[in-house]
């Protein structure tokens, strides 16, 4: 079933390796980084909100 | 009346937040599965294209990214219309959560297109209708994000951003056709995308990849919308309960 | 005539007030009080329909102001803390232009008369940018002299006025109430309005 | 209805006359930007003739855009906008009046000076005529689309740059057909098709944009 | 002395980071304006290659200029500028700091994105390199000369357009040598001469302009 | 310490005052009065050296402020009717940045302490744009807590403050005078400064 003869061929992509892997690489990079950034943001927001809520409850006491 | 009530209840952040939280893993998993299957078909099984050589394999991300970049804009405009018509809070948040992903998709489309264009046409960029309007779409995304970021009051930001989205969605086809006409008037189009009859493996690979991108976008947008919800509703009881539950 | 039910105001993520209501009849003045940031200006902007309330409803002559729109606005005169005058135009031009744009009739004689009443006689033809702060405020207030619309909404109208002008303005408001008009007002200064019923509403 | 529009146009024109600087400055910006190009590109007449439509139109776009931030800003700052929004007639009519006044002050002068600049780029008489017509037909669309952007960015920090970010992409069809009309004339194809498309865009945007702007203004006033 | 400058730069950069929109918008204005030209002129690669230096430089000029009105306006409006003028050190140092921060936020990003846009115009690698260098060397001059204009028009109505009238003529030398450097490289003459002239202009204006701006600011504060 | 001779002020073509002079010693407060547009703000800006007088001279420690420039400014603390705070920064960052830019030493602990004194404890890390009008004013006033420069010039410092904050500010000013400081102030509100000599100057 598999079209490629060797792994080297696969990497070489018939001479288009740079372009193909450049595309896929950036794509994978973006799809890996975006969720990480979003999760980090969420964690930071949660931490900040918790701090704020605690500060508020302290100041009303 | 009851119908409307239900809609509001479903769209209430307090109910949507946990729902989204539960759905995210499913969408993420679906995205990974579709992605793996699509890559297997596209990268390993599908034969070469007789005109473009192996370079055509960029299609497996280029086309899904292009589709998603346009589709997400439509979805945002849809949410904007709902938000302006029914004044639901969720819609503005959804639009804002989708925008960065849409912009990234537009960027990916441009990036992969450029990397494809260099070997195929010998230039990174040509001023063709499709390319130009994709570039303008990216500008529209950035304009939307800049506008909503510049308005401090989130409700005002939602409304103003929604209006911009609706104006934009009217303009996108106008821009597309005017650019197309502009381009073809001058000269025979430099670019003739070969509509070669695609091998079925290629087609399935591409469709699977498109599904993968779609699921990915939903998952990321849900993640982002949950953050936005917490931020905006920080004075409500459910957020406080949520945060405390988290601490345990 | 003017009623509000169960109003809620949220600015940013801050809830300023909730469950607020009042009822105002002809000849009555609603005097809004509260510390800075309590939401007085926000409430006034809800009453004139520029700020949609988070919850609750405001009715004018029994009709929600959201649905009656233009009819309500035809009954309304609002004076915010901005003067709404153009620095480049003279007081006379300003007065005529604002009447014009509000779709009202105002003859030049009436306008001159109003300007004289607010103590701007002799300055009708000087561009407003040369006027002092208090005189600018007087130009804005000159609109009230010939104003016969029933509902006045005044946000801190006494700011920047000297004693004589404060007296003049209280008498103008009293006259409006005596004619059966309604007024909603905020101010941090202590002033006595002679006529009409004064209802106080304290935001906290 | 017409009365209101005319009242607004009259007032805005009077204000523009009092300020004077307003009228000349959009014009001079146009002239300066157009004149910068030969400096940046070099004096070859052939090249310049090819550029002329594009450069003139881009400069017209930028000149219109530069005066947009003030379309509502002054009225907003001094409270007049609130009063206009509270007047007992639709805000869209007021915006229509303001758009017309803006065009009279910033678009019309461009159309009048454009032929003079076109001569500098060695355009033929036909091309000059079409250029003037295209700018005359296209600039009202610029003013009215721009009004939406001006209303959306009203009162925001960094409004000017943000405004251009929002508005320039929407200007592209006008740019393409405007420059296309002149190009088509230069290459002998006749620019009527382009001109009638420009006219259609102007009519559509004049009908639609004031109401979108009015909605945006109400949001800004909240 | 350096301490004050660094304090100002640090504060302004922190503010820019908080706003975010500021940083991207000058950049995107640049990108959009550059992209408008092909739309106005047509897609022929040969023609576009010739235009590229001029277009990129004019767009850089305009992008820098558009962010100028806010250089002092925010500080003026909220009273910070008064406090800076009353601090016990020369105002010129403060202005130097603000100019540097302005360049870091608006000039440097232009230089970084310029090669990408140059690719869209099909420029050669050499030309891209010189283009980046020229923009890197030239934009500080734009920021510092622009500061004088921003200070002179501070608080005036219609400041934006007036500012462009004052500043654009002063930008012309930078434009000529900046575009000239790239042109010379494209035609194989080598752009070093132009680049060193650019560097000289930048140094001179960085030394002189802050003090002129400081004087103008004192007048605006009267 | 602070003297003015024969000052004349012309704004536009209007002469606001002429032949005005005063003398202020350590521990004294100059309280400027006058109706709107009388020229109070103009006089303050002359004193701090931002507005050159049409005629006359202002001296600090016997030296004309025009010639002593930076030395004079090192002794001066001015608080205008603008707050001079950045909306994007937090109160803490604002306080530190303004001390930094005025070339003063201020430790973070001192800054936090000052913020607590003005009643902003718990809000040190919230961007100022979310603060209310009065709270913003308090951030601006927090500078005065640690301020030891001898000459304070305050333009309507009590604006936007509630009663508690007004009391706090009067005590701060009294403390400054007791330490031998000088102050020049305008206000339309009636407040009592406990310590020091109060000289009144009425512009008309």
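For clarity, chains are labelled A, B, C, D, E and F in written order, and residue numbers in each chain start from 1.
Heads up, the rule we're going with is that contacts are C-beta pairs under 8 Å (C-beta built on N, C-alpha and C of every residue); 3 or more make two chains touch, one makes a residue touch a chain.
Small disclaimer: the values here were computed from a predicted structure and weren't measured.
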Subunit A and subunit E share contacts with B, F
Starting at subunit B, find the fewest moves between touching chains needed to arrive at subunit F. 2
Taking all residue numbers used at the subunit C/subunit F interface, answer same if over half belong to both copies and different if under half do. same
Sort the chain pairs by how many C-beta pairs are in contact and tell me the top one. D-E
With chain centres defined as mean CA positions, report which chain is farthest from subunit C. A
For subunit A paired with subunit D, centre-to-centre distance based on mean C-alpha positions, whole Å: 43
Cα centre of subunit B to Cα centre of subunit E, whole Å, reads 34
Approximately how many whole Å separate the CA-defined centres of subunit B and subunit C? 48
Taking each chain's centre as its mean C-alpha position, how far apart are subunit C and subunit F in Å? 33
Scan subunit C for residues touching two or more other chains and write them down. 12, 14
Shared interface positions of subunit D, touching two or more other chains: 19, 74, 157-158, 162, 165, 168-169, 172, 176, 183, 222
Sites on subunit A at which at least two other chains make contact: 52
Checked against the stated definition, the touching pairs are A-B, A-F, B-C, B-D, B-E, C-D, C-F, D-E, E-F
Quick one: which bits of subunit C touch subunit B in the complex? Just the residue numbers, please. 10-15
Show which residues of subunit E lie in contact with subunit F when the two form their complex. 4, 7-8, 11, 14-15, 18-19, 74, 77-80, 82-90, 94, 218, 221-222
List the residues on subunit C that touch subunit D in their complex, please. 45, 48-52, 70-71, 73-74, 76, 78, 80-89, 93, 97-98, 100-103, 127
For the complex, which residues does subunit E have touching subunit B? 20-21, 24-25, 28, 31-32, 35, 38-39, 42-45, 48, 119-120, 122
Touching residues on subunit F, where the partner in the complex is subunit A: 121-122, 125-126
